[in-house]
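Each of the next two complexes has chain A plus one other chain: chain B in the first, chain C in the second.
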Partner chain A sequence: MSKYSVIGQRVHRVDGPDKVTGSAKYTFDMVLANMLYGKILRSPYPHAKILNIDTSKADKLIGVKAVVTAKDTPGRKQGIWRRFPELCDETILCGEKVRYIGDPVAAVAAIDEDTAEEALDLIEVEYEPLPAVFDPLEAIKEDAPQIHEGVELNMNVTRHIEWGDVDEAFKKCDHVREDKFKCSSQAHVCMETHDAVASFDHGGKLTMWTSTQSSYYIQRLLADILDLREGDIRVIKPPTGGGFGSKFELDSAQFCAAVLSMKLCQPVKIVLTREEEFTATKRRTPMYYYLRLGAKKDGTLLAKEVRVITEGGAYTAMGATALYLTGFFSSFPYKYPNYRYDGYRVYTNTAPTSAMRGFGAPQSTFTGESQLDMLAHDLGIDPIEIRRKNGMTPNYVVPGQATIQSCGLHECLDAIEEHIKRRGELPPNRGIGVAAYGFMSGGIFNWFDTPYAFSAALVRVNIDGKVDLFTGACDIGQGSDTTLSMICAEELGVHLDDIRIHASDTGICPADLGAWGSRETLMNGNAVKMAAADAKSQILQFAAAKMGANIVYDLDIKDQWVHLVDRPERGVSYFDMVKEAIRGRDGEVIIGRGHYTPHRKGMISPAYSFGVQAAEVEVDPETGRYKLTNVTTAHDSGTVINPVGIEGQLEGAIMMAGGYGFCEDQPMDEGNILNPSIADYKLIRSLDMPECEILEIETYEPEGPFGAKEAGEGLTNPTAGAIGNAIYNAVGVRVNDLPITPEKVFRALREKERQSKQP
Partner chain B sequence: MSYHCPVCNKVSSTAMDLARHMIGRGDKVHRDWISAKGFKFSELLTMQFRSFGGEGYKALAEVLEEETKVED
Partner chain C sequence: MKKELRLVVNGQPYEFYVKPKTLLVEVLRDHLGLTGTKRGCNSGSCGACTVILNGMAVKSCSILALQADGGEVLTVEGLASGAELHPLQEAFLDHGAFQCGFCTAGMLMSAKSLLDENPEPTKEQIKEGIHGNICRCTGYNSIIRAVTAVVNGEYKEKK
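Our next item is the complex of A and B:
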């Protein structure tokens, strides 16, 4: 029997009824009085000087209320890197130069979208095309076009991680492998495209409703770039149709809507089209990977060397963090006594690359897990066994980087090994591949002024016992509203439907850095738990006096019952106690406060989830076509708060990560993305989904609320690697270049045939 | 015998290891030192991503052998 009343229960989402009935109002649905509609003019060139912009014809079009260009902005460069201003390299609207096809140049506000669209065609921009470069290995050459002034070799960031003595360790290895990989781009493809409604009033206050992962960051970034005080900006996140890393930086819809609204003192709404979503928003970072891995003949890993060049695109965005994290997670989830990573981010004249679910870890897991399987094959060691031999364990310290507290990796390996045994002998051309991973539960880092990430929450207990929970956390579809409400209810001792959550409105909610790096459950969950505990203690102080026990008894609240812990039958209804407590305070409601700041928790995160995934494929050796038939994941996310939520996260992760391994890509021609529509961009759809099974491995994470860790982003890491290993297991060929398309498998099979015929 | 990085003084046991370190760091000060010796940094780096064998390291290591060796 569970010790929890709410935690671990299968509940529907608190926002579920509104969403499934269509009554949830997204930014996309918003209409305000006097609202205008905005559109953005974008560069058709990958690299060009702007010689002149003539908006006179557009200004005269009936229905157009304003046209803005760079000269209508304060001219500041924006970026989340307040502590590293050299990485803030993007202007709202380009004034001197454009750096990728899609770079914003002007914006229009009009009475309707069609008029705004027509006005764009009337804006005349004179460009001087410049030489452009699209591949990072070309962009770092001394004679390559310089994309940002003063940035030599177009290399804007390098990152290095090292411990032990890698060079000496390789000399002691019995076997060393060197392999190269190429990891592709990927689009976020959120259901809801980037959108914003900005309303600037005559009092100088800006309100913005926007689809975002962090109303906190958007508020502050708008203040920086618009030269407003943060307190004069209110950012509200309505229900949001997905983020996946694309929506915690300022985007063109947000800043253009704000600039137009400030000029007109009228609300302006901008909704990006699906084509703009593909071509003019950030995307997953493509990477060239070089790996060297050394081991003893018994499979003990001694050394790993990693070198990565990333295609940065035109601006930094969050790409510098992806560069660091891919190097950090290249060391996961194994104990490497000696490790070295050198990462280089290089500007190119392509759409900027930035954060996407996994944040560099899907790339490192694909390359690392593929190479580890290759090493295991070379040494004649079972793939599960080599992972077991080297896998992280609880309390392991990653030198200079992190301390792993809870770790269920070995239990996950055991569970997957059992699963593979149960699948039995497979028919020809069918194979199972495994991949293991670990991932952070919230990043320690904060790109802003303070050195630590933080979360805060407020709990207000009303006179009728109902509870208002205020938090800056952002539910972007991952279910944090539900998870946090469950944590609040459990801690306070009430039911889930006693909680009403108010989230991600900077006007009324305390700060939270937002939904990225899988931080909401652990970081905001801890803040919510603390706030609920604070409120509960105030109720119990009153209860202790009221109940007048004549010896020391501890009191608690559970299932809406205030009681003596050792005599639970002696108690009072929570609702009655709250009413009396508030009456006793002259009607002042009970407020609980909570916050969480991860002090002294290493370089990356206070806690890590772990898992092992087994992917099963069936390959047609004549054509290279293959089908993903089963994906089973053993997952350690600490205590499971919401089992239904985890199942949804898993299935969504398989869809996204499977797509990354199997079919998703953004091929370009001279910087022009060739498939900017859902019809042409290949996604895994419902009919392509494999059987999915989750084997939950429960551990207890001391850092997490009720022992919980992240469950959602880590699950995107292993699938591409598991697919690659499964294809090798099925037909004996390996593809090191994502996505692993049928064409690549076909070519690999023909090459294998050709080689087998050679004497 | 050891080899001291002329930029950041990191100690390596061989000139090849030192060459790997200097190319690996990739920051401006290390790049400038390498460029001053007549190498194109970008060529040394891209060689790492186009072929194995460390040919770029060998050429730099020959210079480091002469200039950074320290008798212990």
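Our next item is the complex of A and C:
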């Protein structure tokens, strides 16, 4: 029998019945009494001065209730890196200047969407177009247009990471490779676009329902920018149709809905169109990558040097974090004795780039794992072997950066090696490529400058034994409501259906930083576990007295049974005990409290997931077309709390990361995104989806709840690199710029043919 | 200017007066409050608005309501019979065939339409049946497993 009664079970999602019957109400579905509909006017220029905005015609249109511009706001700059004022560079509604095609300049509230849309056409904005720059390599030139005042060479953020003596180490290498790569952009394509319903009342309180990854961040950022007290803003996250990194900064729907509602004291709803979603929300950061890698003949890696220039787009957003993480994860998952990273994030007149699932690590893993395979090939070493030789092991310390505790990388390598052996000899033009990866279980950084614990939870045990769990964690589809309910039930010793979760409503839940950086299972899970343990200990105090057990005995609750640990048959029903305990407290219900903030865990994360993925492709050498036929992943996410959830994260990550490697891209012309529709933005649909096998490697992470680690984003990291390596192994060509489209494979094949014909 | 529209939705007859440009999805969501049907793109590309009209899966954002005049529409709200979930709904729950849930109504309706037409589809036919529906969360395979389980008779319709 498993030592757990809830953890590891295949359970239904707690939000499942609502979602399969259509009764789940998303922000998108909300209608409030007296509600108006808002629309946003956006810049058609990539870079321009705003000379004048005339809203008089729009104001007069019947059905229009308000038109707002920057003048109707306190005009503050905001950003999610709150500790660094120079990185808070976005006013959302632009007053003086627009910096990308899609920058908001005005917003309208009207009785319906059609009227609001019509009003947008009546707003007259006089622009003075300015020279614009779109490529970061151009934007850092002396004569490039300056996008933000006072920011020389458009240099937004720089990051440096270094340990060991890189230059000396390269001298000792038997083989050194230098390679360049280009990582493309990617759109999140959440099925629910960004949306918000704002309701400001005459008492001065703002309530917002919104599709977000962090209700606390939105509450705090709205307070900053609208000059309101945090406590006068309540942000509620209803069921949310995906996030993937796009929904934890303050967005134009939220801000404009709030400004309009404050002006009118009426609820205002704004839903971004799919086109706005593609052009005027943030996206994955495109990166130019330069890598230098040195090794001994036997494959021992001695040094790595990484230089990255990223296309920042018009604002900082979360791009500063992506810049740091791509540098840190370029060293993963290997023990480089000498390592140096220099990253430069450059402003451009393009849609801002920011966080997307993997957060800089899909870029570093694509480039790093491609180059490592090239190096292994140069040295005649098996790709698995070179990874085994250099791979991280438990309790490894990344110098000055991070402490790894649990690490199942080597078990993952063994499992994938077995898988490849089982596949046996492959027919021509088929190949398997591998990529190894790791990722953080929540970030330790506090650029947001929160004074709160990173995660917190309250557990209330009621007279009937039903448990209310209050947490600020945000379930955006990944399943945190279910996983956290499971952790709560396990710790308290009750069943999953005894838990009723109340999440991500800042009015009733403790603050939590939200769903990003793969943090909810570990960080919020620890807070929930602590709160449940606190509640349990209060029940057990009564139980000890009531049962009159010898004080040398420990008591516990499992499966709704309060009992002596060493003599489980001696016990009392949990329900009876709860009733008595509450009666004994003069009717006061039992409340358990928990919180979690990582301390003394390095600079990055309290724990790291690891894994190895093998992608198999079948290439048509005539056309370059290829099919991703199988993706097998050995993944170490510590103890598996919610197996159905992990399967979903794995297969979903392959859809998204496979798309990143294979077809997803946002080509631009002069700052204009050319494919802003789902018809034109190619992503993996059911027919293109490969078979996915999961080889779960269980480790026990001392820092995680019940030993658990992340399973959300790490799985997005390896696929592009594994595809690239598989194509090389199938037909002997490499494509170093993402996505690896059939067209690029075709060109590479023809180039290879041409070279082989030369004498 | 408004025109009369008659529809049977989830077995219930309704009469409406709608503008000629009103979409079927607008009648369902905005007039009837059946918000289980979603809109993800408004261009017929994502499948979130899929409903069954006269036995066929259609994208309700790409059909004028008046084109459906006199028709019978089934939405996700009409799948379960009272407290009894439809086999596909049960299978979706068991197989974790949804995460954010925004595509789920459309997926269920595409899958139901497929099974109504062909109760024993192959795996490839299931993939084709949901090819017009985008799911950004699950990677489709759990959805395919859920539909396969229904095809295999693991969820006999309870009468």
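In the analysis below, the second predicted complex is superposed on the first by the 753 of 759 C-alpha atoms of A that agree within 3 Å, B and C clash if a C-alpha of one lies under 4 Å from a C-alpha of the other, contacts with A are read in each partner's own complex, and residues count from 1 in each chain.
One rule holds in what follows: a residue touches a chain if its C-beta (ideal position, glycine included) is under 8 Å from a C-beta of that chain, and two chains touch if they have at least 3 such contacts.
It should be emphasised that the depicted structure is a prediction, and the values quoted were computed from it without experimental measurement.
In this superposed model built on chain A, chain B and chain C occupy separate space and fit side by side.
Residue contacts after overlaying the shared chain place A:344 against chain B, while chain C stays out of touching range.
In the superposed model, A:569 lies in contact with neither chain B nor chain C. By the document's definition of touching, of the two partners only chain C reaches A:241; chain B does not. Contacts of A:586 after superposition on the shared chain: neither chain B nor chain C is touched. One of chain B and chain C touches more residues of chain A, and that partner is C. By the touch criterion stated above, A:141 is placed in contact with chain B alone, chain C being left untouched. Of the two partner chains placed by superposition, only chain C is touched by A:29; chain B is not. Contacts of A:477 after superposition on the shared chain: chain C is touched, whereas chain B is not.
Here chain B and chain C sit at a least CA-CA distance of 34 Å once the structures share a frame through chain A. When both complexes are aligned on chain A by C-alpha atoms, no chain A residue touches chain B in the first and chain C in the second.
On the side of chain C, the complex with chain A involves touching residues 29, 34-43, 45-46, 48, 75-77, 79-80, 85, 89, 92-96, 98-105, 108, 126-128, 130-131, 133-144.
Taken together, the chain A residues at the contact with chain B in this complex read 137, 140-142, 152-153, 155, 158, 160, 167-168, 178, 180, 288, 290, 307, 309, 340, 342, 344. Residues of chain B that touch chain A in their complex: 12-14, 16-17, 20, 24-28, 31, 40-43, 45-46, 48-50, 52. Partner chain C is touched in their complex by these residues of chain A: 10, 12-13, 15-26, 28-29, 188-193, 239-242, 244, 273-274, 476-479, 644-645, 647-648, 650-656, 677-679, 683-687, 689, 691-692.
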